[in-house]
Amino acid sequence: MDNAKRAEVLVQALPYIQKYAGKIIVVKFGGSSMVSEELCGAVMGDITLLTQVGLRMVLVHGGGPDINAMLKRVNKQSEFVNGLRVTDDETMEIAQMVLCGKINKNLVSQLHQHGGRALGLSGIDGHMIEAVQKDPALGHVGEIVKVDPQVILDALDHGYIPIISTIATDTEGHSLNINADTAAAAIGVALHAESVIALTDTPGILRDKDDENTLISRIYLDEAPALMADGVISGGMIPKIECACKAIEKGVRRMFIIDGRVKHSILIELLTDEGMGTMFRLR
Amino acid sequence: MDNAKRAEVLVQALPYIQKYAGKIIVVKFGGSSMVSEELCGAVMGDITLLTQVGLRMVLVHGGGPDINAMLKRVNKQSEFVNGLRVTDDETMEIAQMVLCGKINKNLVSQLHQHGGRALGLSGIDGHMIEAVQKDPALGHVGEIVKVDPQVILDALDHGYIPIISTIATDTEGHSLNINADTAAAAIGVALHAESVIALTDTPGILRDKDDENTLISRIYLDEAPALMADGVISGGMIPKIECACKAIEKGVRRMFIIDGRVKHSILIELLTDEGMGTMFRLR
Amino acid sequence: MDNAKRAEVLVQALPYIQKYAGKIIVVKFGGSSMVSEELCGAVMGDITLLTQVGLRMVLVHGGGPDINAMLKRVNKQSEFVNGLRVTDDETMEIAQMVLCGKINKNLVSQLHQHGGRALGLSGIDGHMIEAVQKDPALGHVGEIVKVDPQVILDALDHGYIPIISTIATDTEGHSLNINADTAAAAIGVALHAESVIALTDTPGILRDKDDENTLISRIYLDEAPALMADGVISGGMIPKIECACKAIEKGVRRMFIIDGRVKHSILIELLTDEGMGTMFRLR
Amino acid sequence: MDNAKRAEVLVQALPYIQKYAGKIIVVKFGGSSMVSEELCGAVMGDITLLTQVGLRMVLVHGGGPDINAMLKRVNKQSEFVNGLRVTDDETMEIAQMVLCGKINKNLVSQLHQHGGRALGLSGIDGHMIEAVQKDPALGHVGEIVKVDPQVILDALDHGYIPIISTIATDTEGHSLNINADTAAAAIGVALHAESVIALTDTPGILRDKDDENTLISRIYLDEAPALMADGVISGGMIPKIECACKAIEKGVRRMFIIDGRVKHSILIELLTDEGMGTMFRLR
Amino acid sequence: MDNAKRAEVLVQALPYIQKYAGKIIVVKFGGSSMVSEELCGAVMGDITLLTQVGLRMVLVHGGGPDINAMLKRVNKQSEFVNGLRVTDDETMEIAQMVLCGKINKNLVSQLHQHGGRALGLSGIDGHMIEAVQKDPALGHVGEIVKVDPQVILDALDHGYIPIISTIATDTEGHSLNINADTAAAAIGVALHAESVIALTDTPGILRDKDDENTLISRIYLDEAPALMADGVISGGMIPKIECACKAIEKGVRRMFIIDGRVKHSILIELLTDEGMGTMFRLR
Amino acid sequence: MDNAKRAEVLVQALPYIQKYAGKIIVVKFGGSSMVSEELCGAVMGDITLLTQVGLRMVLVHGGGPDINAMLKRVNKQSEFVNGLRVTDDETMEIAQMVLCGKINKNLVSQLHQHGGRALGLSGIDGHMIEAVQKDPALGHVGEIVKVDPQVILDALDHGYIPIISTIATDTEGHSLNINADTAAAAIGVALHAESVIALTDTPGILRDKDDENTLISRIYLDEAPALMADGVISGGMIPKIECACKAIEKGVRRMFIIDGRVKHSILIELLTDEGMGTMFRLR
């Protein structure tokens, strides 16, 4: 690469670094990027670099596949109600152990290997996430009532990268499982985050889902309903987008759907004019 | 109780509260006090009260019985070397999940129910405990190399009660299991703690182990070797006392062995002239 | 006393210590507790202990008997108007010398002997109390116009226990004598005090003044008029209660009438559920 | 006066104001300047003005004549030992009342009338002056052991002008009477004062005591012994100069003997090139 | 001069020093006081002294004669439009060089010789003065649009005396020449200055311009129009007074016209009751 | 450019940004980069960008060609001594006007057009550079005696980019002209700068001056003498390198000679692994 091109990338990136300095970016981590050791390492590296140049990065993770694997190891047969799995006591116990004890601490450890300084948190710590049972029939599945971001802000103020597993408690101290996309959005709102970035296994929102050249780079909030009606946004993407839209209405500036399967997609999205995936924002 | 007696208790307690104000007290939590819901609740209450009047309490916990129960649930057959169980990959994974994911977060939740504000940490978070493998034959059992207390101090500074599960990492980020008594002592040293209090299933050190009236209230460090030689300190108490003595040599002011089976034993020990168990200190 | 009972006292007291931490408590000191060396010592001890655990104690004192004794020594014959003694120039000079020069400095000295750090103030210092002449016929007797609490707050901020003698000045700098109960209440209001505690020679307000078992523990402000009408509150207690009620209306949370003849009555009142004397508060 | 002369005074004074800004000046107040209402008012005015332009003024006062008058009023017959009056219990009590209760508070009040903000202190407050009995035969006459200037510094930091009466306490809390010149010097040392100014009833040190034109403007410390040997410094001036010399040796920069009988002598001394009285300093 | 007179000057001056402490005084420097080395030195001395006793002095200067001299040296023939000189590119370049490069830096250097610590600024630095072209026919003559006083305040906060040459820039970065009186007034407004002092070659506003005894000491703003109508304020004084009046309306407390030909006129004006020139203020 | 390459540039640059955050970089500006409007604009842009991401940039400039042009305009015939031009009074006056009044202010204005916030300083302001006459025969040519960096640090602390013209004063306040390379090095030392970057009209130090492919990327200090002996460093580069070497010995970490004729050469040098020109440092 010649110097003129390098200079071009830098001249483009530096204003973004300034613009994002001190701003909070919540990254929802999941899918392939969490499974592949190489991709996961690149995410950890990107988060560390961005923290070092002054962004305040917060990582929120799920962990469905690991929970399923552990349930299988203890021979747990799940019950289903209307096709939805019931989170009974044993399932809840396993989910909490896997998310807070295994994945969370392993991510903390990996981030340290990339030079960051991480603090593993859950929605239980410092009363961060208070929830209520969503539906008695589904057991310990929670709906968020309140997010108190103080424990995350304290961690950021001391220079830690908070890594959060999405277990909440009700007012009596019982654990409840929370959907990680929903939690990331609610945490973004509570932190007055600049952006929430969701790492997914898609390039973003495609007008024709079979053609990556039809990527929609920017969607204004008021365009979302039509895109859902048209089926451009469909399936599992719908609840993701719905909670993203709510987060933007409540003050998050930007929501990004980016491709977790591409290395350094976070850097590209945040520090180049072109970006990579789909950005949602107010008009 | 008449007012003169109440006044006597208060006149006695208030100077201790002043003396301990702002000082760090590390409580090693384990045994019966962790199993009984009532005793555990009293410990959580005492820690909350002491925090509220200005002491800086830190809780360190183990969790052997829960780990064993989980190993059984996944039908894990342990190997043994020279009678010591080998912590292989699977055992390590289970231990980490149970300690960091189950016990730690449940204690955080319980402390919240008593009005405290807790933060669940492990030796992994913020690079708190760095360790090396003790003996390759025993697998992932660690020996502490360095304790960086910053993440604990940051939590204390923000008014959280840190609750710590004793998993460490080596320099490559691999998890290692650490004995909780050893960890509590090392954390006490790193924090320049005023005291380390171990909640045990004994009244303290008894001159005649069958007669509770022979409790030794205070043992000077230089008396410890003779008491071990005489068998007054024996069995599982020996390693506990050895690491306590090392901690005192490195700057912890006092080490207490108290009876976790008695409600409010922490309050009695810290705030009355008579105390309850056995105190170790320099002459 | 057994440990369970001690624990009970402590578990009860600690939340009060937290509740009162940083709060201002004004103690009006007078009567037997000021005459008896033993009782006076206990008050000094209690105030020191409470300061050490974080309360911000302020002591206001009178000194009628000492003033009378000094007037006698200089053979001063007092004039009377409608049965009230006239505070002429000489009486005023003697009162100021006795209150500010003798009693105030001796209390400062005694508090130091109990380990406190006191600062003797009068209403003259730092323009603390401005007053006007109440009635020309009575001479230098003042009615409070304004209390500037800054000098007291500065003393508290630097860790001193302020001890205040109740001499005020008018706008031309002339000294005026102020009733100590009235001054304590006005100082409590100006300091936004949590409580004003008056040490008296009674157990509190008794429904039947000859039966200590009829002590009324709590009186709501709106009950006071009826109690005065019924004669339950009578004689010298009436002006005390009237200025207490005014203080509560202006923001002091609680006013206590307690028995200065009982050692440690301040500790018992503040740190136990039962208390000792009579508490006045808003409903 | 024409503008050129005014300008000359100002051009001369401003650098002194800058030089003394934030510096501590201890004024020993006594003699005629304390008796005459007009002179006393001018001193209060000067101290207020100098405080307003940034000097940190501290006033130390004695009060012999008032004490004698009060002793007479109570018909106290003094005993004498080797020609020195014995300060027995009654004399001590009267001295404390007069100094701390009458003179001190009246000076505070007068300073307020000149627009200052004063705080009346004694050596008892905040453990300021600790002393021991000088000679059992002389009763409660103290020799200074230690000056803790914290309470004075706290007052200065909050913008008060401290006015100090020179009663000390021994370690058991008993009051002791202290010579005001000695106390002013010791307080100057403890405060690392820039200057100690003694207001006297002389124009300063005169080479010929009958000729004011022989005023010595500056005396270097090493010249003092010869001047005492020659009788130039004699009588009551000798102990004043001795303690001044000690104060300079211990760090006070300058000691002034000025004429308290001349209005505004403090201003003239501090803010003009010529000064007024005699300055002592290291060569 | 005797001590009583000195004391009188000081007793008068000290309250002014207190009153002006921390206040901002803008001095418009020009005319004879800038040409005469002696007068210029006295101004530098006064500004240094006043800064040392706590006033926050700001110096604004013009420099017409020097600019003219330089234009002559480069043989620049000026064009005129309606009798007004046109500031073409070359004239602008010369004006900027002379004001910012010669006069400004020489004043900084001279102030240093008087013990001050100066910082030379222009309206260009820190975007201080933004202007627009007044009239295309006149070339680079600017009219002030906005004054951002931050760079001046930063200099004052660090203890520098700001010396300002009145070149502004338009939004495209082109230099524009600004009238120094107008600039001084606008800077005074932006700084919320206490006073603006203009050093002129007159004693102030004279009722009879030929009789210095008819000096008007104080003019209320609402009297100014009549004085202009009457011709008392006339000629070149009119625009000076007009912008002074505007400054007072926008918050500057006082505007002084004083005689720059008299040494120390700034000191006399600010620190004596009588003052020297003419003061403008709101009634 | 594809995303992988962009990511590569960013992954490389971000650690440099962190490494340089808060560090001071002195840029010596001169030659072609100062003459070409496009290059000058790119330098201003780079300095603004680097400031925005946290570096503390300081610009030092010369201005020989402009001074010569101005001397010509006033028909100044220079005298020469041993082939060196004499800086007589008139030359000095012109040099100061051109550097401080024209170039400096124009650079401030240009930096503002690129979004920066600049403060134009000279060695005169805040006593920054004190010098002595180098050689009476050469007139007002100065040799640096002392650099007081406080005024530069104050500017940096308030977020300004200081732009410095290299005129100094002697202790009597006379102006002296200073070589800009020498001044930049001395300022770098006084500021404890991380790096000094000299923009030159060469690609750096070439082993074969006719072949740009022989650029030496890094020269250790102890290699410099040999390179001068060999003629690799020769001519006008010798004094530049000599003062660079002295600066490194006194604490500047790195000195760069880079090509001012290439756009964005500062960015490339600071934020890429390869850099552009020649770096000098301690081994």
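In order of appearance the chains are A, B, C, D, E and F, and numbering begins at 1 in each one.
By definition in this document, contacts are C-beta pairs under 8 Å (C-beta built on N, C-alpha and C of every residue); 3 or more make two chains touch, one makes a residue touch a chain.
Computed from a prediction, not measured in an experiment: that's the story for all the values here.
Engineer: Go through the assembly and pull out the chains touching chain C as well as chain E.
Structural biologist: Neighbours common to chain C and chain E are D.
Engineer: Have a look at where chain B meets chain C and say same if over half of the interface residue numbers show up on both copies, different if under half do.
Structural biologist: same
Engineer: In terms of contact pairs by residue number, which of D-E, E-F or B-C shares over half with A-B?
Structural biologist: Most of the A-B contacts reappear at E-F.
Engineer: Could you grab the centroid distance between chain A and chain D? Build each centroid from C-alpha atoms only and quote it in angstrom.
Structural biologist: The separation of the two C-alpha centroids amounts to 73 Å.
Engineer: Averaging only over C-alpha atoms, locate the centres of chain B and chain F and give their separation in whole Å.
Structural biologist: Whole-Å distance between the two chain centres: 61.
Engineer: Centre to centre, by mean C-alpha position, how many angstrom separate chain A and chain F?
Structural biologist: From the centre of chain A to the centre of chain F is 47 Å.
Engineer: Taking touching chains as linked, do they make an open path (line), a single closed cycle (ring), a hub with spokes (star), an all-linked set (complete), or other?
Structural biologist: Ring.
Engineer: Touch as defined at the top gives a ring of chains. Read it off for me starting with chain C, then chain D, then onward.
Structural biologist: C, D, E, F, A, B
Engineer: In their complex, what parts of chain C are in touch with chain B?
Structural biologist: These residues of chain C touch chain B: 1, 3-11, 13-15, 17-18, 21, 45, 49-50, 52-54, 262-264, 267-268, 271-272, 276.
Engineer: State the interface residues of chain D toward chain C in the complex, per the touch definition above.
Structural biologist: Answer in residue numbers: 70, 73-74, 93, 96-102, 104-106, 108-110, 112-113, 117-122, 124-127, 151, 154, 158, 160, 167, 169, 172-175.
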